[in-house]
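Presented below are the structures under discussion, each in the form of structure tokens.
One chain, chain A, appears in both complexes that follow, with chain B as partner in the first and chain C in the second.
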Partner chain A sequence: MEQKKILEAINLLIGLVGKERVKFDQTSMIIYAKDIFIPGYVDLRLGQTPRTLLPAAVCFPQSTEEVAKIVSRLRKNNIPLVAYGAGSGVLAAAAPVHGEVILDLKRMNKVRSINRVNHTCEAEAGIIGQDLERELNKAGFTLGHFPSSIYCSTLGGWLSTRSAGQLSAKYGKVEDMVIALEGVLADGSVFRTRATPRAATGPDLDQVLVGAEGTLGIITAALLSISPLPAAQIYRGFGFDNVDGGLEAMRVLIQKELVPALLRLYDPLDTRFNAKKLSGPETGCLLVAGYEGANKELTELKARLGFKLLQDKGGKDLGEEPGKQWLTHRYSVSYNQSKILAEPANLLDTIEVSVNWRDAAELSRKVMAGISRVGLVMAHFSHGWRDGVCIYFSFLVKEPGENQEKLIEKHAQAWDAAMDACLEMGASISHHHGIGIHRAKWLKKELGAGHQILNKIKNEIDPQSIFNPGKLGLGERKE
Partner chain B sequence: MNSWMAAAQYLPVSAEFLREIAGIVGEEHLSQDPVQLVSYSRDVWPRETIEMQAGKLPCPPQLVVWPGSVQEVQKLVLLASKKNFPIIPLGAASGVCGGTVALSGGITIDLKRMDRILNLDKKSMLAEVEVGAIGEILERKLNREGFTFGHFPSSMYCSALGGWIATRSAGQLSSKYGKIEDMVVSLEVVLPDGQILKTRTVPRSATGPSLNQIFIGSEGTLGIITSAALRLWEYPKAREFQGFMFPDLRQGLEAIRLMMQAELKPAVIRLYDPVDTYFSSKGTLEEKPKPKKPGLSSRRGLIHFARQVLPYLYHPALPNRLLQSRAKSSKMILVFEGEPEIAALEHKLANAICLKAGGVDLGEWPARNWWKHRYRVSYTMSQAFDLGFFVDTIEVATVWDNVENLYHSMQAAISRHALVMAHFSHAYPQGCSIYFSIAAAAKTLEERLRLYDAMWKDALDACMKSGAALSHHHGIGILKAKWMEMEQGGASPLLKAIKRAIDPQNIMNPGKLGL
Partner chain C sequence: MKERLAAYDREIEYCSYCPKMCRFSCPVARITCSEASTPTGKMTILKLARDGAMDFSQEVAELMYQCSGCLVSRTYCEHRIEVIGAFEAARAIAVEKGLAAKRVLEFGQLWTRFGNPYGNNLSFKLKELSLGKNLEKKPALIFAGCTMTHYFPDTIKDLFLVLDLLGFEYEIFTEDHICCGYPLFATGHWKIFEEHKKWLAEKISGYQTIISACPTCVYFLKTFYQKPGLVDAEQIQHTTEFMEARLDRINLKAGVAKKIVYHDPCHLGRYLGVYDAPRKILDKVTRNGFTEFAENREQAGCCGGGGGLPLAHPGIARGVSKSKLDEFKELGGEILATACPMCERMFARTGKERGVLVQDLTSLLAKNLA
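Up next is the complex of A and B:
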């Protein structure tokens, strides 16, 4: 964006919300220029922040009406904008690529209401996950959404990327928790969809906006389903000889209606890596299963039947300790990465994909083989569903000479191997991290005619492409 | 509304056009026979039945075509789109909102020849099924493999998978198995431009807006769904039944809410309002161990009653007031199924909640009896029309703290026009649906239509005013199109954008969903 337009944007924003809620200093612009998309670290290592990636300004609206006002005004001047939560996305979905104005929604962080009769809560999009969960806990409820980023991600970010928490087997992904949405369309109009558990009133517009990564509308608040705090939490570890045995046990457990809250199987490398932390075995595969629920008796029955089934399927009972340890360390993973990334010879990343049970083991093998050619890779299987599972790969690429270009190249090769294997096998390229910029090229292949549909919808609802242009591979900016 | 004669204004069907269509599907799979066109001119929308009684035909299509494969559907769509011909996809036409009526003429594409199970992945518990499959037949095929689909609308014998998906159908066991939108994993859709969209058969993904949830509920306005991958369940090993009588409606509703929020998953939860309870059990707390004569499920009871009190139907306010003030107790039926130990414990926990809420244990008989007759209701409606009155159903949904308000305000709105009763089913932790059954009468056809329209207007105005959803599982069609804009709470530009993006020529089922 040219300097003249940047100044125009800054003045507009100051006029709308006042000086104290608009930032345009260099430091802030650099901070907001990236999320946790891994290759972004390489730029920082090299001391680079490409000028084109800096936002024009950052603005902090505090109400839906204010967001609407800003959108109308920016649209009139054809200035694009990015709705921004906590910037902890890993695919550059919230990174400015056209010098956008950043709309940081973290001031919109209120829990508007907790409804004990309906088991719903209405919260604003900018609230940090843990703050929302804490408010709910005080009232005797839980959202049941526990991504490992819970301390550094917002409700709006979750909704925009179809986030999943660690206990998704019981509570669902965030898209399963949405009852209604409030937000702003590109024409500056405000919408509030109907608060109803289900409806038969045409396409589900909530499910069009959820996952749209800010390209079709800005979600400013949501009405969510909540659950009573569990009356019982029963967690336990099991050892399996190999991945195939563990996967089979997971599948049968879920399909038998013995759905736990937590169900996670670590492959041999991940098992060894976690052995100390989780008091698990050094060899074979660790599986952690946890039952929880509002009714103690029902939870205990399911746990008893579930644990018995896991043993029948060849699991060795490792007692409660791995479960307890898992609960203790459940969020630590997000904050250990930086140590490894601080080493300029390393690049670490994660890839989560979604696949049906029939193909899960084979896809896992294919991806592991592909990534192994350029780096070290391990996997865990989590977020189990009746029909399939998420495979979560963690990989490390190294360049002892610290050549950053070569690191980026290896990183790209690992991604290519994983994404190509998914596309080839009919799996999905993302289970819960989303698309952003990084996955856009594969998204086109995954969705086929569906991507053209999304592009046409984008052009109809936001013809100037002022909402997060380019993300999901949607929208073309005409300056 | 268009009539038979208006067909003359439609785009002409040329001999060449017919030859081209015959080339795609074969001579024997297309028809312009007037008898066919008449039978395809309507679905089960009661307003059409009222019109038919007066010899007025609703909207016949110009042509009916029965394709046998997705490739044939694709060719038909390409041809129609080239000529700008409207297309109406149709399953079993048992919809009740006019969703498959050929409002602007065009080609009705009947998909019933496409009824195969294309693939059964037992490991992932997924079946890929063509949309023309009739519910009961599909379920029976899956049962033979040891599975159930879990979708049991009362129209089970006369509705197709495609219709279910297009209208966001719900089955009677939805509290356990979910609505159809929860059961569909992926779709194959022929788009208006002839492209074929295939979504991925994966449990969940984070790949942008849900394309499935755009086409589910689209009522044929965005494309023709040709097949779907569906989640299956193991055929239940155990099934338990339970009935309760509550001294009043509020206690019964409270019991449902507490059961759903205690994470119990009864397959069936149905609570009949006092009027419905009165008809089905004559208002007593004692259920006889043997079925009484008719009147054991809502609409059968209503018809039985209405027949006796037909004169009163002309002045429904009076009998409504009488019934609503006299009848107090509410009957509930529960069914649990699945893994034996879990079903048994859920049953026990549910009983404790119901007793605590003031329910009187009726044993298992009321639920067993309901189970036996659970599909009968769909086939009794026509009797009412023969007797000179009309019946209809209105299903809406809302969150728990609005359920009573919604019930009373819609009941009051309908009571002016029709005899009304309701049941509460399809429960969720956050709310439930209310299903009103109505019966009304008027002397002349014009009066009947006027009464019909006034009743719906007042009922849905009251629904909108209370903030509830216009429909829980019947869909919109033509009947509720007027209220769609209000329903969407400012998000209607998005739906309109979706329609323009996918079907810019507006050839797909024009006029439905208010599009």
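Up next is the complex of A and C:
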């Protein structure tokens, strides 16, 4: 964005919310230029400030009405913006690629209400996940949404990317938890969808916005379905000889309606990597299954039947310990990033995809073969559905000479291998991390003509492409 | 600059590349809501300045002071990173280069003139409190510290009451500079601190035991004086540790009927690892037990008073304190008990309009002697 426009934006924002809530200092601009998109760290490594555009300014609105006023004025002046949570996305969805204004929603962080009769909670989009969960726990509830980024991501971010938590098999993914939304459209109007359990009143408008990564509207608050805190938590580990056997056990378990809260199968490398931490085996595949629920007897019954089934399907009972350790270390994997990236010869990343049961093992092999040509890769299988599963690949590419451009090249090759394999086999290129910028080129291939539907909605709802232009491959701005 | 920060290379690198796992816990970032204020944000900027990708400017310096040193981010870090060390080193650079905020730079002059952060004669105040004492050399030294002396001289009197009851023999440090030096170190005035350290080390040597009701003083004296061998005291203790060890010799009544909520001071808890001693004291003096904050012990939230935050960023410090007080009110607390004069000061000041009653454990104990 040209300097004149940036100054225009800053003055406009200060006029609306006051100087204290508008940042345009160099340090803030650098930090807000990137999220957790891995190639973005290369600049840091090279001792450079981000090579992507810096935002024009960062603004901190405090209410939906304020967001509406800001959007109206920015739209009038044709200034694009990015709605921002905590910047924990991994695909540059929150990066200001056109030098947008960042609308940081974290001052909108209240739990507005908890309804004990309906088991619902209304919360503002800027609340950090762990804070939301703690508030709910105090009242005897849980959202049941535990992404590994819960300490550093917001409700708004979850809704924008269609996130999934570790216990999604029981509690649902974030879109399953949404009852109603409040937010702002590109014309500055405020919308509030109706809070009903279900309605056959045309397409579900909430689901148009959930997963839209801020391109179609800014979600400022949500009414969510919540669950009572579990009265029983029964977690256990099982050993399988190979991925195929473990996957088959998972499928049958889910299709026999013994769906646990947690069902996660680690491939042999991931099993070995986690053996010490999870008190798991060094060989074969570890499967951790956990049942929890507000009804103690039902939970215990399901656990008993489920664990028996897993054994009947070839699983060796490894006892409670892997389950307990999994609960203790459930967020540990994210801490590996800093240690690995601190070595200039390394680049790591994760790729999550969604595939039906029949093709899961083959897709996994195909992706692993492709990535293995450039790096080390391991996988776990989780977030099971009746018809399929999520495969979560973690990979590491190395460049002994520490040539960062070569590392980026290898990183790109790994992604190409995974995405191409998914498209070829009819799987989805993303289960829950979303699209951002990085996956946009593959999204068009996956959606085909469907992408045109999104484009038409975008062009209609945001003709100037004010909201997060270019993300999801929508609304590229010509500047 | 690289050399000056070399001791913190691991912290700077790890934090810069972290996906912000401690994000929700940082009390400063919770108030500003800015990603730049997070430990990751601050470390990233420090890394870029260290590596020459950006100037170490006033803006960078300003960011380095946005940390209370509470260490709660360490609680949620599997690498157990303590971020404050790198920020303190950066602050020293900022002060040397004249890039720190004006009030921070002027603070050094104030301290040098008065020998404490508060601009008054604390030595005289302590001498008044110590009348009839300090007549002979004793094996133990009471180091009241600047904040306790300035704001809460009554707590010092209460401490003397308890010590006298126990027949404990002690002297009181009443020399010119009633300060362990932490305010200087935390704000980056390292040159002044080094001179003060030499002077103070000499003055507090020769005692077997040093006791303070200020956990910051205890931590600082242990780390910067005792550990490097500048001071030969065998034991440097906080008053709660001292009193807890002697609870069987103190006749107490369970006199407090009001609802007490206990706040773990950062320097007593996360720095010194003292969590149980204050709780045992509270068990003795309360009729119906006491209440914990939802996040307590190693997870306890900060009062906003440490790390020079009230000096460099008073608005943020007040915000941090206020959010803790909001929880205190939600819990229905009637007395906010703590064991640190800075915590007491922050909560008393921020909670004044809401009528929050804050009490130090030493005073609570002294007021419930049977």
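Here, the second predicted complex is superposed on the first by the 473 of 479 C-alpha atoms of A that agree within 3 Å, B and C clash if a C-alpha of one lies under 4 Å from a C-alpha of the other, contacts with A are read in each partner's own complex, and residues count from 1 in each chain.
The criterion applied here is as follows: a residue touches a chain if its C-beta (ideal position, glycine included) is under 8 Å from a C-beta of that chain, and two chains touch if they have at least 3 such contacts.
Because the structure is a prediction, the values reported are computed rather than measured.
Asker: Would chain B and chain C fit next to each other on chain A once aligned, or clash?
Answerer: Superposition result for chain B and chain C: fit.
Asker: Under the stated touch criterion, which partner chain does A:Val58 make contact with: chain B (first), chain C (second), both, or neither?
Answerer: In the superposed model, A:Val58 contacts chain C only, not chain B.
Asker: After lining up the shared chain so the two structures overlap, which partner does A:Ile457 touch, if you call chain B first and chain C second: first, second, both or neither?
Answerer: first
Asker: Let me test your reading of the model: by the given contact rule, A:Ile179 touches which partner, first (chain B), second (chain C), both or neither?
Answerer: First partner only.
Asker: Is A:Thr196 touching anything from chain B or chain C once the two structures are fitted on A? First, second, both or neither.
Answerer: Once the two structures are laid over each other on A, A:Thr196 reaches chain B alone.
Asker: Once the structures are superposed on A, label A:Gly47 by its partner contacts, choosing first (chain B), second (chain C), both or neither.
Answerer: A:Gly47 contacts chain C only, not chain B.
Asker: With chain A as the corner point, what is the angle to chain B and chain C based on their C-alpha centres after superposing, as a multiple of 10 degrees?
Answerer: For this superposition the angle at chain A equals 130 degrees.
Asker: In this superposition, which partner touches a larger number of chain A residues, chain B or chain C?
Answerer: If we count touched residues of chain A for both partners, the winner is B.
Asker: Is A:Gly126 touching the first partner chain B, the second partner chain C, both, or neither of them?
Answerer: A:Gly126 contacts chain C only, not chain B.
Asker: Between chain B and chain C, whom does A:Gln26 touch in the aligned arrangement: first, second, both, or neither?
Answerer: second
Asker: Once the two complexes are aligned on their shared chain, state how close chain B comes to chain C by Cα atoms, in whole Å.
Answerer: The answer is 20 Å, the least C-alpha separation in the overlay.
Asker: Do chain B and chain C touch any of the same residues on chain A, and if so, which?
Answerer: In chain A, no position sits in both the chain B and chain C interfaces.
Asker: Name, in rising order, each residue of chain C that touches chain A in their complex.
Answerer: Chain C residues touching chain A: 10, 13-25, 33-36, 41, 44-45, 47-48, 51-54, 57, 59-60, 63, 76-79, 294.
Asker: Which stretch or stretches of chain A touch chain B in the complex?
Answerer: Touch residues, chain A against chain B: 115, 117-120, 161-164, 173, 175, 179, 185, 187, 189-205, 207-213, 216-217, 225, 227-228, 251, 255-258, 293-295, 297-298, 301-302, 305, 354-358, 383, 385-390, 426-435, 443, 446-450, 452-454, 456-457, 459-461, 472.
Asker: Per the contact definition, I'd like the list of chain A residues that touch chain C in the complex.
Answerer: 23, 25-28, 30-32, 36, 41, 44, 47-49, 58, 60, 86-88, 104, 106-107, 109, 126, 128-131, 134, 138, 149, 151-152, 331-332, 334-335, 337-339, 341-342
Asker: Quick one: which bits of chain B touch chain A in the complex? Just the residue numbers, please.
Answerer: Answer in residue numbers: 121, 123-126, 167-170, 179, 181, 185, 191, 195-211, 213-219, 222, 231, 233-234, 257, 261-264, 338-339, 341-342, 345-346, 349, 397-401, 426, 428-433, 467-476, 480, 484, 487-491, 493-495, 497-498, 500-502, 513.
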